[in-house]
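Once you've had a glance at the structure underneath, I'll fire off some questions.
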Amino acid sequence: MKSKKQYVASIRKSNAEAYLRGRRVKDVATNQFTSLALQGIGRIYELSSDPKYWDLLTRIGENGRRISAYCSIHRSRTDLINRVKTARLVCQETGVCTASRCCGWDAINALWHTTYEIDAHRGTDYHKRLRRYAGMMQSRDLTCAGALTDPKGNRSLKPKHQPDKDVFLRVVDQNRKGIVVRGAKSMIGGAIGSHEIIVQPGSGFSEPEAEHAVAFAIPLNAEGIVQIVNMQPGAERKMQEGFDKGNISYGSSESLVIFDDVLVPWNRVFMNGETEYTAELVTQFVLLHRMVLGGCLAGCGDVLTGAAALLAEYNGLSRQLSDRLTEMTYLSEALYSQALGAAYQGQPTPSGAWFPDPLLANVTKLSVTRLPYDIQKIAEDISGGMISCMPSELDLRNRRVGPFVEKFYRGGQGVTAEKKLRIARLIESMVAGPGRLGALCMHGGGSPAAAQMTIRQMADLEGKKDLAKKLAGILS
Amino acid sequence: MKSKKQYVASIRKSNAEAYLRGRRVKDVATNQFTSLALQGIGRIYELSSDPKYWDLLTRIGENGRRISAYCSIHRSRTDLINRVKTARLVCQETGVCTASRCCGWDAINALWHTTYEIDAHRGTDYHKRLRRYAGMMQSRDLTCAGALTDPKGNRSLKPKHQPDKDVFLRVVDQNRKGIVVRGAKSMIGGAIGSHEIIVQPGSGFSEPEAEHAVAFAIPLNAEGIVQIVNMQPGAERKMQEGFDKGNISYGSSESLVIFDDVLVPWNRVFMNGETEYTAELVTQFVLLHRMVLGGCLAGCGDVLTGAAALLAEYNGLSRQLSDRLTEMTYLSEALYSQALGAAYQGQPTPSGAWFPDPLLANVTKLSVTRLPYDIQKIAEDISGGMISCMPSELDLRNRRVGPFVEKFYRGGQGVTAEKKLRIARLIESMVAGPGRLGALCMHGGGSPAAAQMTIRQMADLEGKKDLAKKLAGILS
Amino acid sequence: MKSKKQYVASIRKSNAEAYLRGRRVKDVATNQFTSLALQGIGRIYELSSDPKYWDLLTRIGENGRRISAYCSIHRSRTDLINRVKTARLVCQETGVCTASRCCGWDAINALWHTTYEIDAHRGTDYHKRLRRYAGMMQSRDLTCAGALTDPKGNRSLKPKHQPDKDVFLRVVDQNRKGIVVRGAKSMIGGAIGSHEIIVQPGSGFSEPEAEHAVAFAIPLNAEGIVQIVNMQPGAERKMQEGFDKGNISYGSSESLVIFDDVLVPWNRVFMNGETEYTAELVTQFVLLHRMVLGGCLAGCGDVLTGAAALLAEYNGLSRQLSDRLTEMTYLSEALYSQALGAAYQGQPTPSGAWFPDPLLANVTKLSVTRLPYDIQKIAEDISGGMISCMPSELDLRNRRVGPFVEKFYRGGQGVTAEKKLRIARLIESMVAGPGRLGALCMHGGGSPAAAQMTIRQMADLEGKKDLAKKLAGILS
Amino acid sequence: MKSKKQYVASIRKSNAEAYLRGRRVKDVATNQFTSLALQGIGRIYELSSDPKYWDLLTRIGENGRRISAYCSIHRSRTDLINRVKTARLVCQETGVCTASRCCGWDAINALWHTTYEIDAHRGTDYHKRLRRYAGMMQSRDLTCAGALTDPKGNRSLKPKHQPDKDVFLRVVDQNRKGIVVRGAKSMIGGAIGSHEIIVQPGSGFSEPEAEHAVAFAIPLNAEGIVQIVNMQPGAERKMQEGFDKGNISYGSSESLVIFDDVLVPWNRVFMNGETEYTAELVTQFVLLHRMVLGGCLAGCGDVLTGAAALLAEYNGLSRQLSDRLTEMTYLSEALYSQALGAAYQGQPTPSGAWFPDPLLANVTKLSVTRLPYDIQKIAEDISGGMISCMPSELDLRNRRVGPFVEKFYRGGQGVTAEKKLRIARLIESMVAGPGRLGALCMHGGGSPAAAQMTIRQMADLEGKKDLAKKLAGILS
């Protein structure tokens, strides 16, 4: 497995074409915004090299060598449970979404199953390709972004009716070497810190839309790939020195990844036109994501709860705010417990890969779009008006006004203004900044409406009606 | 194991002294209110005799014989998980709380652990007595009510300061044969349908309160025990013929069980004065209950969702109300998934008995005091004003007005008024009647405040503060 | 104006044909259920005779004589404001919905406006008839039920496609004397305690549905009118002696009122076929109702808050529960304040009658379908498990078990068991009994969905888009 | 009255000592951050010069001249109602909090009353001074910040026990010319765009804390006053060119205002040591603020609803998202209606100044700390993941990647990427940027806990208990 240092060096070396605020990112490892995103993912490499975390963060691969769990296939109920625990741990340690490693993990699992199914019914050899790809990913300990979301254009039109067909990524050509793809994938978490990207269809497609039914993996520095690293709310803060960024060590990132006629070699193509499997592939991918989010948000919730508790302590208000801190704890644990339930009820597929219970994973996702907002709100309540307006570190360092900041922001019991400002900035970043929970929880893994649609489909209302009929004495 | 018929006969025969609405209950099996409560518990006996449910509802006892799960000790993580699944199943089948069997189950598990601990530190032989008692309970397939709640008098006073000490059950005498207890236990679910009652301290007691630190089991027809079967909201409906009772086959019950100087033989005494174990005993008992409730409310939620879906269908509104039915499903499954998480994270004690994760079990309980209210509200929204005002079955059967009821309550597609009224009455009973979810979920297993207190104690705020400090760069 | 005694006597004398639980109600003033409903309405007569309440409860009629406000036309902003205040007062005093007087009040106001409009455009003389009717209503101080809701049959079909056209009330014949109507109106609040019923269309009708476009007033003892008094959840309690009914003095009622070919004289017909005014009539009627509910639920909320505070006090827990009592207060006042806002923003129509702001009245209604559920839930939380299971008064009076009830239900500071049980039964009746807030607030004045539809129509999204465009610098 | 241009020029000229991010603000009118804050307040001057808005935004002063409403005393119920309407209008027009003008308005009203009371009981001449000051404020059309919040140090200590007494602003000296004050006021909305600051005690003080019982007005460029303009979450965006700031024309600001031994002439001192009036002064000030916030948040809610509706339209999803837009509308109007209710129930004081109903104003405030969070959440739900991650304007303008942004962010029906990005950035700024509703609503006018405390005090639980007793038949 790679060390954190090796990881950063390898990404730096790959030098993918990326833009941020209209300028080419020259060195991802020194650019103030992207370097924090790399540190976030890098923390996973760092933790994985510590035997204390091997149970959660590593697996023994097919060849008997220790591999990163992030490159593994879920082979048991325990693997699913540990997936949730891993998410909570990493979010506790980083306070941010390190989406790319997770999405790549989701992607190879979803493809493991789907390629197996396609091959079984179509006689193709996608699964063999995928196994080989997974082996390479494991042995080189790669971080692979997972890509689903197409730009979609006018959302009231189906893909086949879009004036510009490229708003859904598609195959525009194929030749002896491979396929040529055009389009884009948007909101790709962690792409700037990833070696490769694993692309899947963004939705279920019907037969006349076969050109869009494509899945593949490709290095992000391949010719024709251009990234635009998005500007998150408040992300400018991340580009400054000092503690005003709140979370001073880690960051997240999302990119628009453009495929400007990119050649994908055949051995990296995992679906090409099999529209009837697109919905299933999407479903299995998001299932994992929707379950895992319960762990992620619990972990971020832990950090925010701790920060709020600390500010309360600095202000001498621990006792008065104890009820609200309890509620924050409750909310995080409720998410975690739901995710564990979804994991426990998971089942294997014929391919050998395990997936969470589809109903409970979507239920977890729906909770994830709600409870973290309450966590944020309570943190803001506890923190007082300060979160929305406080002096900057530059004021604290200024000769004229610094002493005033020190004097008037001091807490109780010898707590310096700097301590109070640091923790308040951390809360700010998680409530109203680039690391706010809402960014992670509302649309990650799909919208609430998508989760609701799945819950509706799986609700078994007819079975429930029968229960009611029996109790009410209705015979037919 | 007993058949349902044998169960009912055995309870009838025991002829415990019980009062309902100021009158002695002469025959529990024919009294209109109590007979429905017996049917609820009886349904568990009925299901247990069907091999289809053996996985969930039975275990193999120490002597190799099949016993009811309700008399068993949890010996694995799977046992805890199955406990939750059992609760959901039984509530789906009955639509009511069959509390006594569950509370007896909780009680022998909590005592299994606590007696083991007391013996280990005090050299007593409570655990041996308890094992023998459990063996008898298993072989005779008994339903044992579990009792915790003392009347408490003035709640702002500690037990030792109460003017009337009996408001906390206590030992008033002891002799060669056993101990003599006085006091009462209130809100004892299913006592009227139980063979015995297992009594535990209602709270943690301090040393000067040793007389209250008592646990034991006793048949409900023992001399000196008097029950008052409580009148639930709307319970009069249960005492009528016909379908207006909504849930026409099953009911629940709760009793005030009075101990008017009752002699308890020594072999049935499981704690007697060991105050330092009282808090632990209460804790382990409620832990199980608080986890299990997630399953119960999911099961009752399923029935109510089915009933609401059916009424929507009868009114021709299935499509329009589909979003709200989805939300009801979400809420039930969220409770279930949380309970599964709490079970999965369970751990064994030195006694060999497993208990749920204490934090997650209390988190589940807190959710249980909230989400079911939303389920009820949506059911009421879906059902229209009818739930609060509709003709009675007697109107439907009346020669003069019956035809009007039939004409004006008819649904779409040949749905008769009777069908609509039956399902509406079922909803009524679960939203505003004796079977309403709120009755089960708010105070069952303790109040929301009690769950919050435990969550506060287990929140590990210091650990969370450390996470936040690291991310904010605060060194100490 | 009538005294309460005269009111009761006049209703008794009218002896309308009514059925309850399949039996003819022989004397509404002595029947245990209906008499309480009469007391509820009667309390308005009683309060109105006290000069202290004249500001709110009376007006000076056109002839200079003092009349009941309940028979008046709103002629100013202050009248609307006072309407809300009256609702709160009466609900504080009775703890129940006294719907009929309110709905009749709504009805004459809605008809005042609509008949004026019809006459203005159609040259009819409905308004003159209505004025004359209102004069008679005022001088005889009548309680008139207001009727809107048709049975509707299959709700996915329009009235004109119903297999049985009578599921929407309609004119089946007309002659020299008047019109003949057939059908029913359901969930008619307070009909059993009303002199007359004012019938309006239950929804907007289109031209081919002209037979349903009918409004009129008729005494409830007219030939062909049959009432079925509905059985509310838990209403059996109301038919018992003693305090277990909770609210011992007052009750509410709702009836299915059947029109079995009833002749309505021409001078009592206020609309007959003018379909294009049906939607407007419904709208104006429900506007008043939707605003007023804010006052009603605040008043009932006050009672429930007081009851919960009292039980907390009896249990010695006032201090610990103070936060939750504050939240209950907040919820009631939020409803009240919204209703006042809706009233303040009211406007007059050309007829001279004032109506609330349509957007804010519907907003109030939507709040009314939500906040009272929280009030109920907190009351249940505060009250402990007792609300769902307690001994009956008959147990307290029983020689054998009465002393136990007294001993074990005693509160702190000399509070007798009876006091505790009385207040707990009052809470029960408002949380899970016939007087529960949910019954009043969810569907009274229309469903939440109906309020949402109106809010959608009045939201002026285009105006709001323009605001946003300006701030974002979007030119077109 | 001043024109907007005159206003900006006058502030620029005053050249108060202010720091932003550690540097002296040299020219408030050109500094990118502060100039937007000036534009926000300036918009009020602009609107006030348009006769269309005179009803709301102006009054006729004592001398018969038209003055800004923002400098007026509330002299009627209508003035209070118009205060709420004004708040909504200005927030609709600017999308931001223009706090200083409002807080100055609150302050002169609160002081109008309190100085009147002090003079009446103490024979002082504060009220005369205040009247003169108000006259000057009116004739020069000043914007006066209103200051309340002290830094407070260790919040578990009372002012008199603070190690550094300056954490509550205080009088350190007084001489012939006036008093000398030391300390700071934090989170002072709009100070950077204000001519003067009106300072009041930050809480109720007891007698030994007389040095803190001080109220006065002083120009912000007075010697010894230093401002630190706070860095809001995401405020860096405001310092960039272009549309990424979302709200391109307006901003808000808050300052820490330091009083480093500032001399306040006697004619500007309105309280000096009268501790027994401090609580009352605070109360009257916040009452106005707490009511007004209902209008502010409704106005900002309107903008955010419009923006969300526009993005839905651009994405071709107006129909699908209609329910959620309706809910947003409901939430804004509920706040507005509550505020109107609080205004309507207002009462005059002996001084002639009117104040809102204290209970309903606090109820409005509590709603204001809750409902806007739901508005934000729905906006984020509607907007999709874009709000949290989208390209910057600089990407759109870049030659290499601009065409990709244009291609992949285009909406339906010829909607350009720029339009979509502009409206998405506006939503971002109101959900997760410097203009987010949460910043305005949670702690503006005091914390939710402060509002709850007042509601508790005014709840009249005893009166409510009496209502309940009567209905339950409890005699004493």
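Letters A, B, C and D mark the chains in the order given here, with residues in each chain numbered from 1 onward.
The rule we apply is simple: a residue touches a chain if its C-beta (ideal position, glycine included) is under 8 Å from a C-beta of that chain, and two chains touch if they have at least 3 such contacts.
Quick caveat, the model's predicted, so the values are computed rather than measured.
K.L.:
Could you tell me which chains are in contact with chain A and with chain D alike?
P.N.:
Touching chain A and chain D alike: no chains returned.
K.L.:
From the centre of chain B, which chain's CA centre is farthest?
P.N.:
Measuring from the centre of chain B, the most distant chain centre belongs to D.
K.L.:
For chain C versus chain D, which are copies of one sequence, does the interface use mostly the same residue numbers on each side, meaning over half shared, or is it different?
P.N.:
Chain C and chain D contact each other through largely matching residue numbers.
K.L.:
Between chain B and chain C, what's the gap in Å when you average each chain's C-alpha atoms?
P.N.:
38
K.L.:
Just curious, how far off is chain C from chain A if you go by their C-alpha centres, in Å?
P.N.:
52
K.L.:
Let me have the rounded angstrom distance from the C-alpha centre of chain A over to the C-alpha centre of chain B, please.
P.N.:
40
K.L.:
Please set out, as single numbers or ranges, the residues of chain D touching at least two other chains.
P.N.:
none
K.L.:
Examine which chains touch each other and state the graph shape they make (line, ring, star, complete, other).
P.N.:
Drawn as a graph, the chains make one closed cycle, so a ring.
K.L.:
State which pairs of chains touch, listing all of them.
P.N.:
Final set of chain pairs in contact is A-B, A-D, B-C, C-D.
K.L.:
Spell out the part of chain D that touches chain C in their complex, as residue ranges.
P.N.:
Counting only chain D, the residues touching chain C are 81, 92-95, 243, 246-250, 302-307, 309-310, 313, 322-323, 325-327, 329-330, 333-334, 336-342, 344-345, 359-360, 363-364, 366-367, 419, 422-423, 425-426, 452, 455-456, 459, 461, 463-469, 471-474.
K.L.:
What residues on chain C touch chain B, complex-wise?
P.N.:
Listed in rising order, the residues are 19, 21-24, 149, 151, 153-157, 164, 166-167, 184, 186-187, 226, 228, 230-234, 236-237, 240, 244, 254, 256, 258, 260, 315-317, 369, 373, 377, 380-381, 384-395, 397-398, 400-401, 404-405, 407-413, 428-429, 431-433, 436, 438-439, 442-444, 447-449.
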